[in-house]
Amino acid sequence: MGDIRQVIAQRASQEVCDGMIVNLGIGIPSLIPDYIDQSIRVLFQSENGLLGFGPTPLNNPDGALCNAAGYPVSIVKGGSYFDSATSFGMIRSGRIDLAILGALQVNMNGDLANWIVPGKRVPGVGGAMELAYGAKNLIALMQHCQKDGRPKIVKKCTLPITALSCVTKIITEMAVFEVVDSNLNLVELMPGYSLEDVKNNTEADFNISSQLYN
Amino acid sequence: MDKFNKVVDYEFVKSLFFDKMTLLFGGFGGVGTPPSLIDCLIDSGVKNVHLIGNDAGFPWIGMGKFIVLGRAKSLVTSHIGSNPVAGELMNKGALAVEFSPQGILTERIRSGGVGLNGFLTEVGMGTILAKNKPVVKIENKEYLYEAPITGDIAIVHAKKADKFGNLIFDKTARNNNPLVAKAGKITIAEVDEIVDMGALDPEEIIVPGIFVHYMVPSGGINWKWVWET
Amino acid sequence: MGDIRQVIAQRASQEVCDGMIVNLGIGIPSLIPDYIDQSIRVLFQSENGLLGFGPTPLNNPDGALCNAAGYPVSIVKGGSYFDSATSFGMIRSGRIDLAILGALQVNMNGDLANWIVPGKRVPGVGGAMELAYGAKNLIALMQHCQKDGRPKIVKKCTLPITALSCVTKIITEMAVFEVVDSNLNLVELMPGYSLEDVKNNTEADFNISSQLYN
Amino acid sequence: MDKFNKVVDYEFVKSLFFDKMTLLFGGFGGVGTPPSLIDCLIDSGVKNVHLIGNDAGFPWIGMGKFIVLGRAKSLVTSHIGSNPVAGELMNKGALAVEFSPQGILTERIRSGGVGLNGFLTEVGMGTILAKNKPVVKIENKEYLYEAPITGDIAIVHAKKADKFGNLIFDKTARNNNPLVAKAGKITIAEVDEIVDMGALDPEEIIVPGIFVHYMVPSGGINWKWVWET
């Protein structure tokens, strides 16, 4: 399971291109920076008020220099601190090139559910609704199925949604889908998984892209 | 109140707190939440407090320390996942929690602080958080109306201030503090270092002292951060 | 006429008390600082983004350190620079203890007209509507009558208004009025003017305060 | 566009301007209006421009230099008193002027820049500026709706910047520049001093470079201020 998360994060890291400004959600997305090539210049935004955070400092972490999950980070050259109003101003107004968030369910319209499981888990919405609303591209990362085997890529989200029609790509340990005009296109099979596996574990209908390869 | 020396002691601050007050607090996961003012709040014995802030902190960090005592009546916030006790209180019906998207909550506090009457947004439309919110139609397009927020008291944590209350913050401990500072009928800043008027560069001031009513010297962070435990 | 303006400014300066935060409009109000006692600690706010401005520098004025009229000023200890959104945030939310503005007309409700004479003078509204809306107290300064002798303290403003029920005090070269519960109270006669003078030159009805003195 | 070196030349900027564009400009009475970008705008030959900014400057200062040429089609502003030519053009019907309360105009620009959909206010109610503005009733109280503003291009003047476009301003020349900078589909900053990334203190940055698309080195103030004439 730790392995699956790393596989998803590694694949997702390929979506991060030179010059991008990227917001990473907690969970699997937070593993991505480890896989990004040093030659790629990217600025990570953290919604608590930091553009351009770098790795966890090895010595003397600073309680006042943290990411949105409360863990210590560093700041890179060209980075800036700002208040929460400015931070979400960036997010809502489309300045974040790419947001990579964990997901609980995604449907074929790209509707995202990732903040609440009623009666079970109510962590709160945090900044997810605004990232989903404003980011130029939103990639949803998740394990393909729930622990009990039920699919997470669904015809209709049964969990309360975070935002409508916001996901542009889904990456799981089995496959990569693109959402185009409210349709899911299977564009890539992950190593070790067949088209059959994906079909058996995906509730939503999807097209098979001509670019599909394995 | 002496506008040109706003430093008071914690006993005085205690006398400002009252049962059923609406209390705005700065900070994000406890980072930027004023530690000594939280202790002062706990010591004051007030109850049925209406809290408004980014999150519920951790049970031993930030506003979480007060929330776990069960003396908050309600909480308007974006996130309580880091404080399981807040979730338990909510599920028991002992704490009324209203969730708001994080940046929308900050903007509501800003709107109240700068004397506006709320704003329209598309964020949250079509979600369960849109329930009970007025929908306003402008040129045939619908938006959610988000109401302004102010508080009886607002508490923030600053790194440095002069005696007029001009505030400077510390890295990501700035977060929503500059907005919260503007939205209190009474705003109290806990400050790490208080200097004379004229000792700050006027360009570096983040919150002009006009928004601040009282200041107390900080006793420093008195909790272990998550990554230290 | 220069003299009348100075007389009004001097009288208005007595309204400025220790500890106040004050916004002064252009015209007569801008003359007030010359009359304020050095022992009184006051911070002047300028809506272009400065709290705590001081006198015009004698040498080397700085083009980037100006008041709202574009004239060079200095900054006092404890002063700060901020953007226009913060500046008007202070103003709308009631942080300005006292605004002293020039006026074209005031009526007995304390409605203020001070920004436009249709067909003649259209300078634009500037920050006047927000100062009128937000300042805790608003004192209107003006010459008692227009050049042609018509009264400026009127039953009903004929000029487009800046804000309703905002003026708390009126100071002219003839008299000082307070606006209380939509009534004008004459509280002071200025040197050289009689009650008769004021009655003859004021269109609005007013009460005569028991505290009236000369 | 290289996100990590946004410096371009004025010829390139000219190619960005176009007839009938909506142009937001920073500055208050010309203080904080970018002098070389104004000259560049004049040189570009564009016309029928829709201008949005605090005021009309003076005939020889700030945006006033462009307005007097009669190539602006409309102006949304708070004040034109310092530029009599703007008043003449308006009275002739050659320039459509929409007045807004000063801070409300700034907030409209902010609202557009931070991705909100306008706001409600009581400022201006009962005045002629309320004409044509939607009235929204919330809990039986009426407010004016003020719409968000963005521009095809926004121009600002900064004192210092790094190559990513992180901006710092100079005293009262800051004014509405930080808001204007956020509201351009393309934002161009004229900068007095451009330094490498890492040369600015991250605490002192007023506008994070994420909001800035291009920068040009400033040629400096090339007009006489009112008090110099």
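By written order: A, B, C and D. Residues from 1 in each chain.
The definition used in the following text is that contacts are C-beta pairs under 8 Å (C-beta built on N, C-alpha and C of every residue); 3 or more make two chains touch, one makes a residue touch a chain.
Everything numeric in this text was worked out from a predicted model, so none of it was measured.
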item: Pair exhibiting more inter-chain C-beta contacts, C-D or A-D; value: C-D
item: From chain C, the most remote chain by mean C-alpha position; value: A
item: Separation of chain B from chain D, taking each centre as the mean of its C-alpha atoms, in whole Å; value: 32
item: Rounded Å distance, chain A centre to chain C centre (Cα mean); value: 56
item: Centroid spacing, where centroids are CA-atom means, of chain C and chain D in whole angstrom; value: 29
item: Mean-CA-position distance for chain D and chain A (Å); value: 36
item: Multi-chain contact sites of chain C, meaning residues that touch two or more partners; value: 75, 81-82, 85, 88-89, 91-92, 133
item: Overlap residues in chain B, where contacts from two or more other chains coincide; value: 107, 114, 116, 121-122, 171, 202-203
item: Pairs of chains satisfying the touch condition; value: A-B, A-D, B-C, B-D, C-D
item: Chain A-facing residues of chain B, complex; value: 28-32, 54-55, 58, 77-82, 87, 90, 99-104, 106-107, 110, 121-129, 159, 169-179, 206, 221, 225-227
item: Chain B - residues contacting chain C, complex; value: 2-4, 113-116, 162-164, 166, 182, 196-198, 200, 202-203, 205, 208-211
item: Residue ranges of chain D in contact with chain B within the complex; value: 107, 111, 114, 116-122, 134, 136, 138, 143, 145, 147, 168, 171, 202-204
item: In the complex with chain D, residue positions of chain C that touch it; value: 46-50, 61-72, 75, 81-85, 87-89, 91-92, 116, 121-130, 133, 160-164
item: For the chain A and chain D complex, residues of the former touching the latter; value: 19, 21, 41, 43, 45, 51-52, 75, 77-82, 85-86, 88-95, 133-134
